[in-house]
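Chain IDs A, B, C and D follow the sequence of writing; residue 1 opens each chain.
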Amino acid sequence: MSKIRAAILGASGYTGADLVRLALTHPEIEITALAAGSKAGQSMAAIWPHFTPYALPPLTAAEAVDFAAVDVVFGCLPHAASARLLGTINEATIIDLSADFRLRDAATYAEWYGGEHPAPHLLESAVYGLTEFARSELPGAQLIACPGCYPTAVLLALTPLLESGLIGAERITINALSGVSGSGRGLKEANLFAEVAEAVHPYGLGHHRHMPEIEQQLALAAGAPVTISFTPHLVPINRGELVTCIVELAEGQTHLSLRAALADRYAHEPFVHLLPEGQAPATRMVRGSNHAVVNAFADRIPGRAIVAAAIDNLVKGSSGQAIQNMNVALGLPETMGLEAAPLFP
Amino acid sequence: MSKIRAAILGASGYTGADLVRLALTHPEIEITALAAGSKAGQSMAAIWPHFTPYALPPLTAAEAVDFAAVDVVFGCLPHAASARLLGTINEATIIDLSADFRLRDAATYAEWYGGEHPAPHLLESAVYGLTEFARSELPGAQLIACPGCYPTAVLLALTPLLESGLIGAERITINALSGVSGSGRGLKEANLFAEVAEAVHPYGLGHHRHMPEIEQQLALAAGAPVTISFTPHLVPINRGELVTCIVELAEGQTHLSLRAALADRYAHEPFVHLLPEGQAPATRMVRGSNHAVVNAFADRIPGRAIVAAAIDNLVKGSSGQAIQNMNVALGLPETMGLEAAPLFP
Amino acid sequence: MSKIRAAILGASGYTGADLVRLALTHPEIEITALAAGSKAGQSMAAIWPHFTPYALPPLTAAEAVDFAAVDVVFGCLPHAASARLLGTINEATIIDLSADFRLRDAATYAEWYGGEHPAPHLLESAVYGLTEFARSELPGAQLIACPGCYPTAVLLALTPLLESGLIGAERITINALSGVSGSGRGLKEANLFAEVAEAVHPYGLGHHRHMPEIEQQLALAAGAPVTISFTPHLVPINRGELVTCIVELAEGQTHLSLRAALADRYAHEPFVHLLPEGQAPATRMVRGSNHAVVNAFADRIPGRAIVAAAIDNLVKGSSGQAIQNMNVALGLPETMGLEAAPLFP
Amino acid sequence: MSKIRAAILGASGYTGADLVRLALTHPEIEITALAAGSKAGQSMAAIWPHFTPYALPPLTAAEAVDFAAVDVVFGCLPHAASARLLGTINEATIIDLSADFRLRDAATYAEWYGGEHPAPHLLESAVYGLTEFARSELPGAQLIACPGCYPTAVLLALTPLLESGLIGAERITINALSGVSGSGRGLKEANLFAEVAEAVHPYGLGHHRHMPEIEQQLALAAGAPVTISFTPHLVPINRGELVTCIVELAEGQTHLSLRAALADRYAHEPFVHLLPEGQAPATRMVRGSNHAVVNAFADRIPGRAIVAAAIDNLVKGSSGQAIQNMNVALGLPETMGLEAAPLFP
């Protein structure tokens, strides 16, 4: 069988580059097109010197890609631009890493992303690709929306607990820490080394765009509307995302019930791992890999617990999950190309 | 008038060294004794090369200090060892930076610090030195207990709000981030560069020793018992501490009421500053200085708010506040020796 | 006597901000004007939140400053722009931190800085302000050119050795490491956190602009032309600069002769310190301070030695030295406002 | 065919852990024994939580390994301890990552490593495993000494140039920067985060143990004795090593001749890459991978050039090269298990 011909759109961003990194060692992927509007005509090595050793197609404009000649399109474009372009492609499986097809409701999208949805007719058919919870919908899907990085971490921590009714849907309070790569390669003063290093701060208090996405998916798990508190922080690391969620236990439950449920749910998952009692998830445990680690702890306030998860925001939180989704969608072994162990130190 | 003769015990730790740093430019302090048991006989420059330019007394054992010849003793010793030694000193004003005199209740101390309190008779008279809230008790005090670093940040954020009844004493949920200097210069694998850099993780989940101290002080402010949720994280920075507290608003209040109360309370404080509406506290705003920045935000969950504060854990959270306390205790201008602006970048 | 009225031009850059930091605690400086063209109309706290606690003049355009009402102008403008503006000021002592008045020769300037010098008539009278070697020329000077950061470190290490003939002027090979603040607050991809963190690389190989400045000053010390090898590296720190210079020993000399000469030359210097035999200069020894540390070591190749120095590029390498120069120029104690000990950790 | 049964001794160190990381995805390696004396009886996940997802043998004492049941032994033990143990193994191919079999001369070893060599009879037969230059000796070798990390970078940069006579053997001046993982997981104050972060310094000036190894190998390439100058620095990164070598050009040569020679020599190398004219090697280009990047530049001093190289000290500088050597020694494709692209950011 010939390889899967893949186009990666937005290859000049950190997410696109990480997709290229993973695709390069995926035994069934052949990268046949790389697009990045502002860098069209350049080589990947010119804008990403760490790809110097690799033969890769030159960058083109996204519109210049012959989509009839590719099997899978990975979209790493900014929101809105993503939907505008992807909405025109019919020939290939589309795996979108932007925010455009995550929200089911076009009105919510318009409220949080500042404009009409460019392709609302696709919202219904898009599969929300948190792989571990989407396996039945992925095979054969034409459009897969990869979850945001924060939602990935939160949903892995909380979905089984809400589904089983072990925790309440009220007062879910999420604290989150993210590495700087999460905000992209764009030129912002806030992302300069001297601003970020040796410093931490919260941001997006009360209005971060991942909120409605998390609420949408938690509500599906809970079978009831969910409103969350969400406090993200920028921390001086390149990669890594950590969430600690304060939840209300259902009557009679303890953090041990949560651990039991997580153990049960993730026992056979290749990429999600419950840590031993008392061991805190740490981003260093998953750096550079598609793994996630989770755990639950007693809170000092009775009737509550702390559920924590760590991922690499660029891998399980983005490019790795995209490939995991592709694997499932196309009938390949789910772990193919994603077996690399974390890079520590 | 002659200068204040100061002894610094535990000068081989980060806190002790930061006290020396500040004392060196304090116009009324003369460092007359430096103690560090394990390093007795060495010069400060030998263990802290950044003090090479400065003439300082050699290190001795703490027991070898002639306390009759000093006016102020700064204790930067480990808990228990601190109370054992300080309990024997009658001649000087004692400013303790350990945990030994922060808790009012010896039984609570024994529970959290793993042993009987070495000098319980001193607990009642010790002044809890969160300077901004202790000014009436500090002048002439013989024993001042400097707050822990996390408690300092939390109490600056929440005390005025609890005192005024704008927030409830229930369900206070504190998320916290701390730089690595907070865990000292001891040789622990967990503090090695390669373990900490490019990584974050929570720790002490449900059982961090600063919990009872925070609860004790918040209860005093609320006039009612307080049980908190507290989730600290280690972040790869040297200095800096950040807390984001999720609180329940009293009936009819909003985050704007909280901002108004903080503005009112801190309007004339030299070291505590309310940031403009919407601006998040960041550790880079206070690095190396005795300043604290605070702010309040709307939470997405109705009826709640987020109150955040940032300090330098070694300065306002430790050595700087110790000097601030000394200034007030001895009738000096409160800001003396603490005027340096934050070091950024 | 009234205070020295100071204008700081280019206050929106790291150097300008560090000057403000130091000036704020200088007992004889009153900041009366702050200029930053692109930010005119804003407050300093708006662009530098760490100045929130301080009352400072609002930012104006540099052209809008009433130079007749200031005693000292600190220029932190880009090269060329600096000379264009400063060349029009007659009323105040000018302390320029740009590269414009460091080179004595307008042709060399044109070659390395890409254009005619905007005010060549001032080159002859400008004092090259490496304070320790310019004390006789500084008092009453009208225009002082502060050395570049790399030159400061190199010249402190090598000038006494060349002047005394202990080392040769041939084959001086300088390796250098600099923190990121050295390249400013401008928006460049190369300065993004994710590009710089967890990474090092050399830059400007063979053509860094500090080369002719170093050569000019070393030649003055040697009494002969000097051509250097200079290899700077970017390292993931905010502040700090380190140079290790490989030099040829004069006949019969060893690194101990160099240590003796440095000891002799710097014995009474408040800011330059020879470390004990065998102790390597480290940037953590000087962070945030105006101090420099130097030392000499045997090289494994016979007849050579290694001379190393560390400074904080923003302080002794820039703003601190500017104030040190002002102090000497105006007859104030040289250390005034610069006494703060290094910030470690 | 059954897989290669591999034992990894010293699995509790960073080098050992990185070997495990790479071995886990090597298609022909089965890890059958893991040894770490001080941690015997523990699981790998207990001491290295990032291996939580992987099934690995428990740690034993090195002496408890049944060497008759393994095909390859990777030794990541401290020097001296390594030779003592490895000298007793006859059954398996031995790939030693310690310093014990790198030097050909037992007297030199004794001088630099402070004691008699524990197994001098093996020195002659040990193959010095800088893979690119050892391919003819590796197949069937019983004992392979993997080069040190600094030597790997230096030798890749300079060996082809010395062999071809393009540069002289005199006055080779090497400046080097290394990440902290190079000094291991041992508990040393100097490796604490707060000591290392936001700081740089040189170390081992004039007496670093990699000097004689580099000299030995450069001498072989030059056909003449070589004495080097070597100035290593510690930089606050986990992984990465960078060298910039100042070399004397042979008559009539320029840096372009060097580039041509490097291009020629490395044209078909899978892991060594000449960068385009003017592009500086950077550790971020190779992070986490077995790649090396090299380049040559004009020096400002006539008749000299700068040759630079970057590697990941734990991969090409250690564990990756060990596997590369194993591949060649056992007749496997040289790149097997080492194809992963660098991790950036």
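Things worth noting here:
Just so it is clear, contacts are C-beta pairs under 8 Å (C-beta built on N, C-alpha and C of every residue); 3 or more make two chains touch, one makes a residue touch a chain.
As the structure is a computational prediction, the values presented were derived from the model and not from experiment.
Most remote chain with respect to chain B, judged by CA-atom centres, is D.
One simple way to say how far apart two chains are is to compare their mean CA positions; for chain A and chain B this gives 38 Å.
Computed from the mean C-alpha positions, the centre of chain A lies at a distance of 36 Å from the centre of chain D.
Contact of a single residue of chain B with at least two other chains is seen at positions 14, 180-181, 194-195, 197-198, 236-239, 282, 284, 287, 345. Chain contacts in this assembly form a complete graph, since each chain touches every other chain. Within the complex, the chain D residues that touch chain B are 14, 180-181, 185, 187-189, 191-198, 236-238.
Against chain A, in their complex, chain B makes its touches with residues 171, 173, 175, 177, 194-195, 197-203, 205-207, 211, 227-231, 233, 235-240, 242, 244, 246, 280-284, 287, 297-302, 304, 306, 308, 310, 345. By the touch rule above, chain A contacts chain D in their complex via residues 14, 17, 20-21, 24-25, 48-54, 180-181, 197-198, 238-239, 270-271, 273, 275, 279, 282, 284-289, 291, 293, 339-345.
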